[in-house]
Each structure stands twice: as C-alpha cells, then as structure tokens.
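When the chains are written out, they are named A, B, C, D, E, F, G, H, I, J, K and L in that same order, and each has its own residue count from 1.
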Amino acid sequence: MPPESLNILVIHGPNLNMLGTREPDIYGRTTLDEIDSGLAVQAKEMTCVLESFQSNHEGELIDRIQQAMGSMDGILINPGGLTHSSVSLRDALASTGLPVLEVHLSNVFAREPFRHQSFISGIALGVISGLGARGYGVGLEALVEHIRH
Amino acid sequence: MPPESLNILVIHGPNLNMLGTREPDIYGRTTLDEIDSGLAVQAKEMTCVLESFQSNHEGELIDRIQQAMGSMDGILINPGGLTHSSVSLRDALASTGLPVLEVHLSNVFAREPFRHQSFISGIALGVISGLGARGYGVGLEALVEHIRH
Amino acid sequence: MPPESLNILVIHGPNLNMLGTREPDIYGRTTLDEIDSGLAVQAKEMTCVLESFQSNHEGELIDRIQQAMGSMDGILINPGGLTHSSVSLRDALASTGLPVLEVHLSNVFAREPFRHQSFISGIALGVISGLGARGYGVGLEALVEHIRH
Amino acid sequence: MPPESLNILVIHGPNLNMLGTREPDIYGRTTLDEIDSGLAVQAKEMTCVLESFQSNHEGELIDRIQQAMGSMDGILINPGGLTHSSVSLRDALASTGLPVLEVHLSNVFAREPFRHQSFISGIALGVISGLGARGYGVGLEALVEHIRH
Amino acid sequence: MPPESLNILVIHGPNLNMLGTREPDIYGRTTLDEIDSGLAVQAKEMTCVLESFQSNHEGELIDRIQQAMGSMDGILINPGGLTHSSVSLRDALASTGLPVLEVHLSNVFAREPFRHQSFISGIALGVISGLGARGYGVGLEALVEHIRH
Amino acid sequence: MPPESLNILVIHGPNLNMLGTREPDIYGRTTLDEIDSGLAVQAKEMTCVLESFQSNHEGELIDRIQQAMGSMDGILINPGGLTHSSVSLRDALASTGLPVLEVHLSNVFAREPFRHQSFISGIALGVISGLGARGYGVGLEALVEHIRH
Amino acid sequence: MPPESLNILVIHGPNLNMLGTREPDIYGRTTLDEIDSGLAVQAKEMTCVLESFQSNHEGELIDRIQQAMGSMDGILINPGGLTHSSVSLRDALASTGLPVLEVHLSNVFAREPFRHQSFISGIALGVISGLGARGYGVGLEALVEHIRH
Amino acid sequence: MPPESLNILVIHGPNLNMLGTREPDIYGRTTLDEIDSGLAVQAKEMTCVLESFQSNHEGELIDRIQQAMGSMDGILINPGGLTHSSVSLRDALASTGLPVLEVHLSNVFAREPFRHQSFISGIALGVISGLGARGYGVGLEALVEHIRH
Amino acid sequence: MPPESLNILVIHGPNLNMLGTREPDIYGRTTLDEIDSGLAVQAKEMTCVLESFQSNHEGELIDRIQQAMGSMDGILINPGGLTHSSVSLRDALASTGLPVLEVHLSNVFAREPFRHQSFISGIALGVISGLGARGYGVGLEALVEHIRH
Amino acid sequence: MPPESLNILVIHGPNLNMLGTREPDIYGRTTLDEIDSGLAVQAKEMTCVLESFQSNHEGELIDRIQQAMGSMDGILINPGGLTHSSVSLRDALASTGLPVLEVHLSNVFAREPFRHQSFISGIALGVISGLGARGYGVGLEALVEHIRH
Amino acid sequence: MPPESLNILVIHGPNLNMLGTREPDIYGRTTLDEIDSGLAVQAKEMTCVLESFQSNHEGELIDRIQQAMGSMDGILINPGGLTHSSVSLRDALASTGLPVLEVHLSNVFAREPFRHQSFISGIALGVISGLGARGYGVGLEALVEHIRH
Amino acid sequence: MPPESLNILVIHGPNLNMLGTREPDIYGRTTLDEIDSGLAVQAKEMTCVLESFQSNHEGELIDRIQQAMGSMDGILINPGGLTHSSVSLRDALASTGLPVLEVHLSNVFAREPFRHQSFISGIALGVISGLGARGYGVGLEALVEHIRH
C-alpha cells in the first residue's frame, strides 16, 4: 500500500531567484526552476506534492508560510539572507506547528561571521548547509521521512 | 464638555494575524479581530477613533505609519518579531513625531535572549509586556491619557 | 455575585518615597502617598484590599515579600534601582509562588544601558514601563484580572 | 568625443520618502524629489541616465536591484535603516556584480551605536556619510568616475 | 586530649529562612532550623560551638561578620542571592581574616547564567554546591579540619 | 560504464559507540553498527567502499584520518563532542587535503550555546545537522557526488 | 567677611567602620573616628559643619542621603563595596540634586577588574582614588570650593 | 539491615597521578594512592565498593565511564584540566544516566579565569572545590547519600 | 559678489606621504603632492586657500591642528592609522571648534575589523571612505559648502 | 627643621596647552600657565621644586619622563588623551620607579565610554578626576605627603 | 671545561608527524625526522642530549611530559592544535617545574583568530612563532642558554 | 662564494633605551648599546650590515621605517609599548613591503592581558617573545635566513 500523499511547502528566500546567475562560484550554476523541477520529480516518487514559493519580500514569505497551516505537512526552507536577521520569519514558521527543515546552498559556517548565526535553526528539525542544489533533495527526503515515521 | 476626539493608529506587526491559533500557550486564544473589536468599544468610550492595521510586511507597516503624520494623534504598536530587528520601523515611528506606545502580548523578557532587546523601546513613551490581549487596552488608556494631559 | 476579595501587596523599592520631589523631569510630580491613595480607591472598586510597603532597604523588602505567602494573592512591584542588581529580591518574589507584576515609572529602556537589564522580569507575569504613576493602576488591573481568570 | 552614456540606479531605502518633513534637525529640509531632480541634472551633464527608486519595502528594493543586472552600470544607494539589519539587501547588491556606492545623509557614526555597523559597507566601493543631500551628488560623481576609469 | 574548642559562625543569606517552604523542587524540604539543629549536634561531636545567623539584610550580615573577628575561628556561609551581587559581603568576609567556606544548596552552575558568577568564591577556602542541606555538614567538617591542621 | 570505485572514510567521534543506548530522546535508537551496515549497503550501490572507524580518543581519530591521505577519496565525519573543542582534529582533516563532510545526529543549533560553534565547519564541504541516523546516508551521497562531479 | 557656613554630609559605606583593623596593607592604619575627627577640624577652618554617617546597610545610607535634601549643601561619599553594585545608591544621590564627591582609600583601578566600574562616578562631580585617608580631606576642600564658586 | 552495597566509580583526570609531587602549594602533599586507599576504607564503612581509575587520556576516561553504565551506581570525578575543555567527557558522563559528583582539589574559582568555567558542572549533581584531598571523601558521602535517598 | 575667501587646513596623517609607492593595490598610484596640487586648483576655483600638512608624528599633527583655531575655517583630515587609536587627535580637532571632515582613501569598512572603528567620526561633520584620491576633492567641496551655508 | 626639598615633575599631556580656550564648558577657563604658576607657589610652601612640561608628542613626554629617573622624587601627570591609548607612556612611568599621581580635569567617568579606561591608573599611586584645575594642587599635596611619609 | 651535559625533551604535538606533506604552503617541506636530526646535531655541539617525542594523543604527550620530571632539564614544545584547547597539557608542563619553550612553525598570530590564544604561553619561558623549522633550533639554543645561565 | 651582503634595519621602540636600568626583573641587565654591539658582530659574520634606530617617538620610528624602502632588505623590530596600540606603525612596516620580524624581550603573553594583542604580528614574518636580549640575535638569524632562502 503506497504511503499517504504529503503536501510539502518549499520556501526560497530573498535572492534565490538569482540562482545560476548570481555569484556562481559560491552558489553554483543550477537555476531555481531547475531545482524546483528536480524536486517535483523526486517528490512524485515519494508520493508527495510540492508547492514552491520564492520571494524577496519577508512579508510575502510569512504570508505564504501562515497559509501552510492545515494544508501542508511540512516546510523545506532556504531562508537566504533572512536566516541571519528575521525573527518574524522564525515566528511564522513556529506558528504553523509544522516540521521545518533548513537548507543553505553554501556552507554558511565557512563564510562571514554574521552568517554563522541563524534565527531559524533553533526551531528547525535540522539544518543542511553546503551541499549546493543537492541539499534541497536531501532535505526533502529527510523531511518526508521524519513526517512519515 | 467632552474631550476632543482623538485618532489613534493601532499597528499589529508580523504574525499577529495568527492570534488565537498560533501557539496559544504563549499568546492566548483571543483573535486579533476580537482584540480590535474590544479596543474599538473602549476607544468610543474614551471619545477616540481607532484605525487598526496588521501586516506581515515591514514595508506596509512603514507606509501606514508614515501616513499617520498629520491625521493621527498617537500610535499603539505591537511590532511582533520586528521589535528585535527593524531599525527602519523605529525610524518610521520616530519620523512621525507622534507619541508611541509599545505592547507585547507575552513577557518578552522571560523568553529567548534575542527577544530582550527592542529597537522600538528607545523611542517609545512606554512599554507593556506580558499582559496578553489586555495589554492593548491598557496601552490605549495610557496613550490617550498621555496625549490629553 | 461580587468576586471574592483579593489581597494585593504593593511594593515600592528604594527612593520611591522621594516621588514628587526627586527629579520630576524623569519621575513626575505625583507623590507616593497620592499613588497609594489612588490605588486604594481603585482596589476597592475591584473588591481588592491593598497593602502598600515602601523601603529603601533590600532586606526589609524581602522580609515583607516573604510574609505575603499565604496571606496575599499577588504582588505589584516597582523595584526601583534594585531591578538591575538584586538577585535576592528575585529569589524572594519567586519563593512566594505568587503572580508578580513589575512596574517602572520611567521608560527604563530609553535610559542608561545598565537600566535595560532586570533581574525581576524573568520571573514576572509582565512588565509595564514608562506610563508614569498611571502604570501602577494599569498593573493592578492586569494583575487582578490575571488572578481572577 | 563624449563618454559613453551610463545607466545608474539610485536606490533610496525606507523612510527616505519622508525627507524634508521627517526630523529636519537630523536629515535637513530638502525633499527626495528635489534630490532626485538635482541628481538628474547632474547626471545629464555627466552623460548619465539615472533611475531613482524609493521603497519602504526591503523586498521591492531587492527586486529592483536584481533587475539592474545587465541594464545598469552602477548603483548609488542610501539603504536607510536597512543598512544595519539587512543581509538580504547586501546579497542582492553583491549578486549584481555592479559597483555600489553607499550614501548616508546624517553622519551615522556620530549617532546611536547600532548605526555604526553596516551590512552594506563590506561590499561597497565606498561610503559617504554626513554630507546631507549633497552626499548623493558627490557619490554619483565618484561612482561614475570609478566606472569610467 | 580533646582538641581545643572552636567557634564557628554560620551565616545564612537572604531567603534561606524560607527553606522547606520555598521552591522545594530546587531547595528541598528541610527547614533552616532543622539544618541548624543538625549542625549543632555535629559541631558538638567535633568540639565546636556554632553561632548561626540568618538575615535578609546585607547590612545585618556584614555587621555580624565583622563581629566575628577575634571571637570566631572560621565562617561557614551560604550567601544566597548576595553571592552574585555583593562586593560588600566579600569585603566584610575578607576583612575578618578568617577562613571562609562557601555553601550552596542547589548546584548553582546548572541554573541561570547569572548564578555562575560568585563574588565570594575568590576569597573563600572552598565552595560546595548542589549537596542540599548536607552541604552544610560537609562544609563544617572541611572548615574545622582546615583550621585544626 | 560504472563509475570508478571510491574509498570513503567514515569517522565517528567520542561517545557515538553508545548510540541506541545513550539518551535516545536526543540521539535515537539506532546503534552505530546498524548505521554502519546501512551505509555499507548504500555505498555498494554507489560503487564505493567504506571504512568506518569510531574512537573515544582524539589521538586515534587523528591517527586514522592522517592515514586516509593517499588511500581515501573523502571523509564523512561526526566529530561528536570534539566538534566544539578540537583544533587538532580540524588540522588533521585539513592536512589530508580531502573533501570532508560534517554530520551531527541532533540539531546542535537547537541545543546548548557551546554546541553552536564548530571548529570543523570552517574546513568542511558542508554540514548536516539534526537528521538523525539518516544524516549519514545523506552525507555520503552528497560527498560522493561532490567527488565525482 | 567669612563665607557662609556650609553643611556637608560625609557618607562612609560598608566595612569602612573596620578601618585601621581591616587589611591595613590595602586600607592603612587610620581609624574612621580619626578620619572624622580630622575632617571636623578641617571643616571648622573652612566654616563648614560636617555630619558623618557610616553604615553597612545600603538602606540606611539611602535613608540618610535622602534627608540631606534641603539641609545639606553637598555630599562627600566613600561608597565602599556598593560603588560597584548599587544602582539604588546612585539614584538616592542623584535625587538630592546636591553636588557629590566620590572618594576611595585605595586605588580601585589597580585592583580586581570588578572594582574598575563605579555606578556612582557617572553622577559625581569628581572621583579621588588611592590617596588613603587623605583623600577625604582633599575631597572636602574640592567639594566646598565647588559649592562656593 | 545494612543498606544494599553500591558500586561507585572514582575518576581522576589528567595530571592527578602527579599528586604529592606536583605543585604541592596548590594541590597538597597527599598522593593519589593515599587518596584512593582512604576512600576505599571510607567506602567499606558505607557498604560501597569503589573502582578508581586515573588517566591522562581523555579517550580512556571516556571508555571507562561508558562501561559504568549498568555496573555502577554513581560516579565521583575530578576531571582535572578537562573540566574546562572537554565536551566529550561531559557527553560520556551524561550518556551513563548515572549521578555524577564533581570534585576539585584546589578552589578553581580563585585561580585563572579560564578555570572558572566547567563543562561538567551543568550535568553534575553538585560540585566540591577547594577542600583538597578531603573533598573526595566528602563527595563520596554526598553521592552515596543521594543515591540511597 | 564672490564669496568670502575661506582658509581650509588639510591634514594628512601617518604614512600618507608614501602614497603612490605604498601598496598601490589598496591606496592607488596618485602621490600626495599630486593630491595637494589638485586640491589647490579646486580650492582656488572655490575661492579658498588651502594649507596642507602631512606628518607621521601624532604630536606634530596636533600642534598644527591647534594653530588652526582662529586662522582657519575648517579642517579636512585623513587621519591614517591614527583614526583607530588616537584619542588625542580627536581632542585636538574638537578643541578647535572648527567643522571637520574625515576622509579615507580605501573603504576602511571592507578591511580588517580594527579599521571599522574611528575615534574621529564621532566629532566629524561627515566621513568619506573608499573614493581614493578623489575623496579629498569631494570632501573639500562638502566642507566648504557646509561652512558657507 | 624644614623637610628636605623635593623635586616633582609635572607632566601635561596632549591638548592641555589649549586650556582656557578649549571647550571651557568641559575644561574650565584657567590657562595652563596659571595652573603652573599656582602650583609653583604651592610647591614653594611645601619646600618643593617643580618642573612642568607639556607636549602634544607622546615621544617627548616619554623622553622627559625617562630623564626624571635619578633627578626627580615623584611625577604628577595629566596624560590627556594618551590616558586611554598609550601603553608606552605607562611603560615610561613604570620604568622610572617613581611614585606617580594621575590627574584629570574633567570627570572622565561621566564622559564617553572610551574615557573610562586608563592605561596609567594601573601603575599610579592614585587618581584624581573631575576637580578641574584644583585637582593638580590636590594631587601635588597628596604626592608630596606620600613621598615624605 | 665543557659545560655539564643537559637533557632536553622535545615534544611535537598532534599532526606534526605530517610535516613535509601537510599543507606545505603553511608549514614548509621539511619532515619531522629532518628537524629532529638537525636538532640532534645541534644539541651535540651544545653538549646536550635530546629526546624527541611526537604524538597525536594529548594523553601520551602528558604521560611523556610527566616522566621528564627528574630526568630532563628543560622542555622544547610545539603543542600543535592543543596550544589553543588543552588546559591539561598546560598543567602537565607546569607540574614538572621545568623551563618550557613554546615553538610554532607558522606565525599563529597571522592566522585564524582562534589560533591567537595559547594556553601554554602563560607558563612558558618564551614563544617563537613563524620561523618555520628553524624555530626549533633557535628555541633549543635559547632554552639551553636559559638553563645554563 | 660569500652571500651577497644584506642591509637590515633594527628598530627599537619606546623605552628600550632604558634597557639595563628599567625594571631589570622583567627586562634584564643588558643595555641597548650592548645588544646593538652584539648584533653588529653577529651581522658581520653573516655578511650583513645593520642600522639600529631607537626612538620614543612613534613618528620618528615611522619616518625611519619608510626610508628603509629601497635601501634595506629586512626589518627586525621590537615595537615596545607601540605593539599594542599603533596601527600607524603597522601600516608603515607593511608599506615598505619588506620582511619584518617582531621581537619582545619579555614573554608578553605571560603579562597583563592588554599585552597579549599585537597590531604588528598580523603583518610579521614571525614573532619571538621572552628570550630576553638573545631574542634579537635569534631574530636576526631567522630574518636573514628567510631573505636568503
């Protein structure tokens, strides 16, 4: 019997729409659409439905996260630069009561000191940092497995 | 002779639209609409007119606060998570030249250390923390009294 | 049916006996007796009995707070300068197991940095700062409401 | 032979739309429109075309900055209060690969300590602080000269 | 030949009179009288005479400690909340020139960060923390042994 | 054509031999042998050969890591408590010149503050935290993919 | 014409009653009575009347300082260990509106780090540290001269 | 009826094998063998069996502590220099689930600042510091009493 | 009518005499003489007279600055390395009561952390950083405009 | 019999030559010559010979202080801004082995935070701060008395 | 008469066995054997006998250092990564009572901030950093000279 | 063939002219002339020519260092107290592009905390601390060897 289908919200924070063009030395050459397409395929195999949402606006991200309550089963998030400054994003994620998995493309711990602190990690299930675009897929698997077990 | 009517702007910051559903252990079960309704009744008795505004967007909050200049007599604000991170919100409030009263539902001083610092308090008339939904009513009274005396 | 009468201890810390004479720019011109009289009237309306106690001695404050256990239903306290230095006062308040509401006349967060830290807030129900003498009345209402609900 | 025309994006952060009305003691009496008009005249003389953009929304600023990539030759920015809190704005600026010049109307180094730190300076070509509205003109010249040489 | 009798001053700081009633989860259910009685029995066996003194007043504690000079052979002290805030208590203890042993009922190092610092430890012979009421007996033995050897 | 076989060293730091018995609330119920067996299967499918090594001795870990130079293609490491204290382990890993992937079973960023700092992250390819035993598998995939691409 | 007589309050903080017996290497061999007698003689020559007050109780010191308002012309204070811990003493001194001169027998800046910070200096006219008992006489002269000129 | 026999593991950290020869001014002249012999006698009287283990190797200490799980009833530990640097030792102790009592021969709080912090205290039942070799005996009694009651 | 002529003192701090030879990657290839010549031409057009002074000696810089009082109308200063270490230079500038404009060739905020703090900025009219030699001209214009308006 | 004559070196640090003209609100209206003349008269009465030396050059101050060795009996110094930045001045003073008394005209402890730290105090006999020009006379008396007793 | 022969223990900490292969840009291409051979020749000329010992195990290093007591005349140590983390190594060195000279191949002060702090320097005779392999020879000479004079 | 002759500048910072007289317990009894003579002999054997320069003036030291560019091959410097305070000296040394070796007579790391930080070390080849006068000779050898190899 196949597992019950899960709805997963994928949140991409500020500047992630620039992936593939923005500083490829740090962030790689894969575009956000390619990441989302790849994730969708992977999700289907895992009997999941994804909704991806990117915004450069903290407020839109919070709006979208709030709507996840009741309709989604988990949140996969790369908060971008908001990782290090947004208490409101943390509060929005916590308010949903959903399991949250935090992903960073680059290894934030090997970059500027201000990127070593995350307001999100304290309420996340786990953190994946430095695996590039692959980190999303890895995170999706881990999040789904956590929800199902 | 009744006092001159006052216009008070009530600002609710990010995630406060979730009141009543979001982490009721911390924030209580009253919804934001209920708070606003109660405040409106109280305001009427005090010969005041309220305008309430909630947004998860720092920018919309700043837009609304800027418009208060000239039309409003005071601002009652619960800045939510922006309390601890937004210099721009502080600047917007200060730019109006209006008296500002800061309200927090939970006692922020008994929570995580990053919630002990407020960018707003330094330019506020006063701060009320931990009285739950009642803090708004209390704050409204204090703000109106300050303006009238 | 009127609510059951409540006994509330009102504690005024060091230098608050100087109210009305001491630095009126910061603390206002109302005397402590006037505050206590006003609070007593308000308490009566709320079917409460107040006991007010002021001392410049940390030890006397602790003695009085300890006696509240068993005979009082809540504590309204303006710890004055002890706010920022007295672990013993915190321990005394916590030892009673009673709900505690912390009041400051001035907005301590807009003053010297050493006034931004409170040893009391961590064990208080809530904090009211900057509402002047009115903060006591507001605090009393909130405390009583908390106890009754 | 006249120099090749340059396209410069001028970004004004939160609350700068209030210039001329907001705290004139600190920010002066010139309005943002007057600044932009003056800059446009100066730009023309330097064979440049300016696009000015103000928003109170971090997200809109980031959206606009991202569009600069490919169409603009440099960015002149007064990040307002976001200077001290927005990693995302820094990332957006860095992602364009364009030269960035940071301008502050007031001398931020002579104000509150939290204004002494800038997330933008680390990726800026230079910083101009405290020259009032004139700082924009100065910055424009320096930025254009940097691009042309 | 029995050892010469020793006079030991036992000092209990603020709130220790509440032992047995105050937060028994942290401090246990033994009362201060029971601790003092037990210590007196133990002292007699060790040919010592104890004088126990508790006060919630820093000043009274200092007064009593000063009198120990010349009449006492050592001081066993649980400074309570003054541990973390009182330079004057430290100075009083140091001024007697007597050996001092510091006792805490709870393990202060496993509690709030502000309890990890002691102004007393720097001039104490030793520190015993977390052994509950038994810590006094242990401390008395160690202090007496230190004085006699 | 199958990819060339890779040799991966899996390093488990102090106390990880206790997995399954040690604080299962934090670390789960899977034993280290089960983790290693699962990884071996996964490795085989990826045409990799694993060597797993656990020790409670910093020195033995360093000895083993040094031997990886020349014979191994990458290192997957859960440094346990040494994460936060061992410069020597960092130096050993860096000295091999091999890609290193850091794994933590629990989300170290949601635990005590001293667990938020890692000496290893600064020289790691990436960090995976909080995915439980699954984090090893995820890390292995990411490490192998990094080496092959 | 002789100058108008001045009333000066001399405050000695905790442990200063021990002068002459307490740690003479640090504090010298002159007793507090000898200091007060010497000061009285000096005061007479300066047409001043002194009132000296020593207490080990913060509260008594505050009580006495508050009474100075209206009857005294200035305060000469050696706050002892309270220098470094008492916000309440600072507030009491400030509340009198009288000029305050702070004296320390030893050079506090050459002792333990916690003695390098003073809550009193911020509201004092000046500070004299390390001149031993003579510091009081020097301070008296300076204080009187300040008041008369 | 005599109490059930208890098994207590006594752990001596790095350099404690040097006791009696190493810096006797700080650590005294008693050797570790003498301490262990004395403890064994004391243990017998308390119907306990001790196993003492000293090592200069963090790893060996962790190995031995892990084996205590299931066979021992409590751990008495002087972690030596590892007190201030070893997260792994803390984790090993915590992983056993056994009550732990921390002993230091010297008063670490009166020595260099880096000795004022302990990674062990946060998970210990209690801490005894500065009682010299006697601290072990005291600690044993307290540990056994804790286990039996 | 031409504006009244102004006298501007241009101060170059330590090592600026090395411009053009010293680390051209950071400081550019223009020599100090060239900068001074360019400034002189610019000054003439603005009806100003410049006096330029460079020294590697803090004392000589202070001597020269002091002489500006009465004879000069403003000071343009690049304090070099003294920016980050000299309170005396700050005091000298402040003592003249003249408007001061601070210039740095490189963007000090993008260099070592110790270059992010300036003792001069707190008393300067404004700060220009990172515009290279051009920063002097820009600063001169801004300074003159400030004086004339 | 008159006391043996003493030679006292009076050192005035940077900017003190500006006394009387420089920021009279902070430093008063007495000139340095007037201070030196007054001190000379006072010295004569005390059978002392003064040598006064002012320089804005740290190096000249050090040169002069070094020469004091052998010919002088004590040093009275107002280090000006070097107080807070010059380790070399501290070393020069310490190298003479002479008693040093530190004087500040203003109360440095009530000014900017960077003026609260002194490199000189740690090797000074005492510190006098905030007594204005009078502080020198007071300091001279205290220094001479210290040398003679 | 030749000087009496001296026995010098040379301790090489973790990862130094990798010299010549490990990150030659930082540590050079000389192997540890070559260093030891060179030192042995140099020692012979100085009538010294060396014993060299390398380990990656803190515990083995401590064991070996403890044995030096009585048989060795001094210790030359490059503590490697333990420099920055091992209190136990410091204690072992101090416990021998022997003169200790600390050597680092690279200039640790020009590397990561965590390498700027040494637990060893506080008890060392001296520190040599950044001279590469030659630092050992230099250190040996200095150590021997210190012992003989 | 003898090596090409090298020119080495030896810089002695403030107070080093006092060597042999100044605090011999810390700095030894060798005079600076003796050190320079010894170094000259040693230099000759190494086919080097030394120029030694001492000054108590930061400015003179910078002047002399700047002149080294072009004529000298390396700089051996004991910056004295300027080590811990002079960014300008660091900049001067860096501006020459020459290899710099930093020497301290005493072990600065075992003295006051403010001596543990060096502005020079970050741009030095290496640091030698605590070898007394011998440190110069050692440093000269290392510097010359570095230049020649």
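The criterion applied here is as follows: contacts are C-beta pairs under 8 Å (C-beta built on N, C-alpha and C of every residue); 3 or more make two chains touch, one makes a residue touch a chain.
From a predicted model like this one, the values you see are computed outputs, not experimental measurements.
Chains that count as touching both subunit B and subunit G, per the definition above, are C. Rounded to a multiple of 5, the Cα-based rotation taking subunit D onto subunit J is 120 degrees.
Centroid to centroid, with C-alpha atoms defining each point, subunit J and subunit K lie 46 Å apart.
A separation of 32 Å divides the Cα centre of subunit I from that of subunit J.
Look at where the CA atoms of subunit E average out and do the same for subunit H: the two points lie 24 Å apart.
Chain contacts: subunit F has residues 57-60, 85, 122 touching two or more partner chains. Taken chain by chain, the contacts fit none of the simple shapes, being neither an open path, a ring, a star, nor a full set of pairwise contacts. Those chain pairs judged to touch are A-B, A-D, A-F, B-C, B-D, C-E, C-G, D-I, E-G, E-H, F-H, F-K, G-J, H-K, I-J, I-L, J-L, K-L. Put simply, subunit L touches subunit J in their complex at residues 13-15, 17-18, 21-23, 55-60, 80-85, 112, 114-115.
Contacts from subunit L toward subunit K in the complex involve residues 107, 109-110, 116-118, 121-131, 134-135, 138, 141-142, 145-146. By the touch criterion stated above, subunit J contacts subunit L in their complex at residues 57-60, 62-63, 66, 69, 85-92, 94-95, 97, 119, 122.
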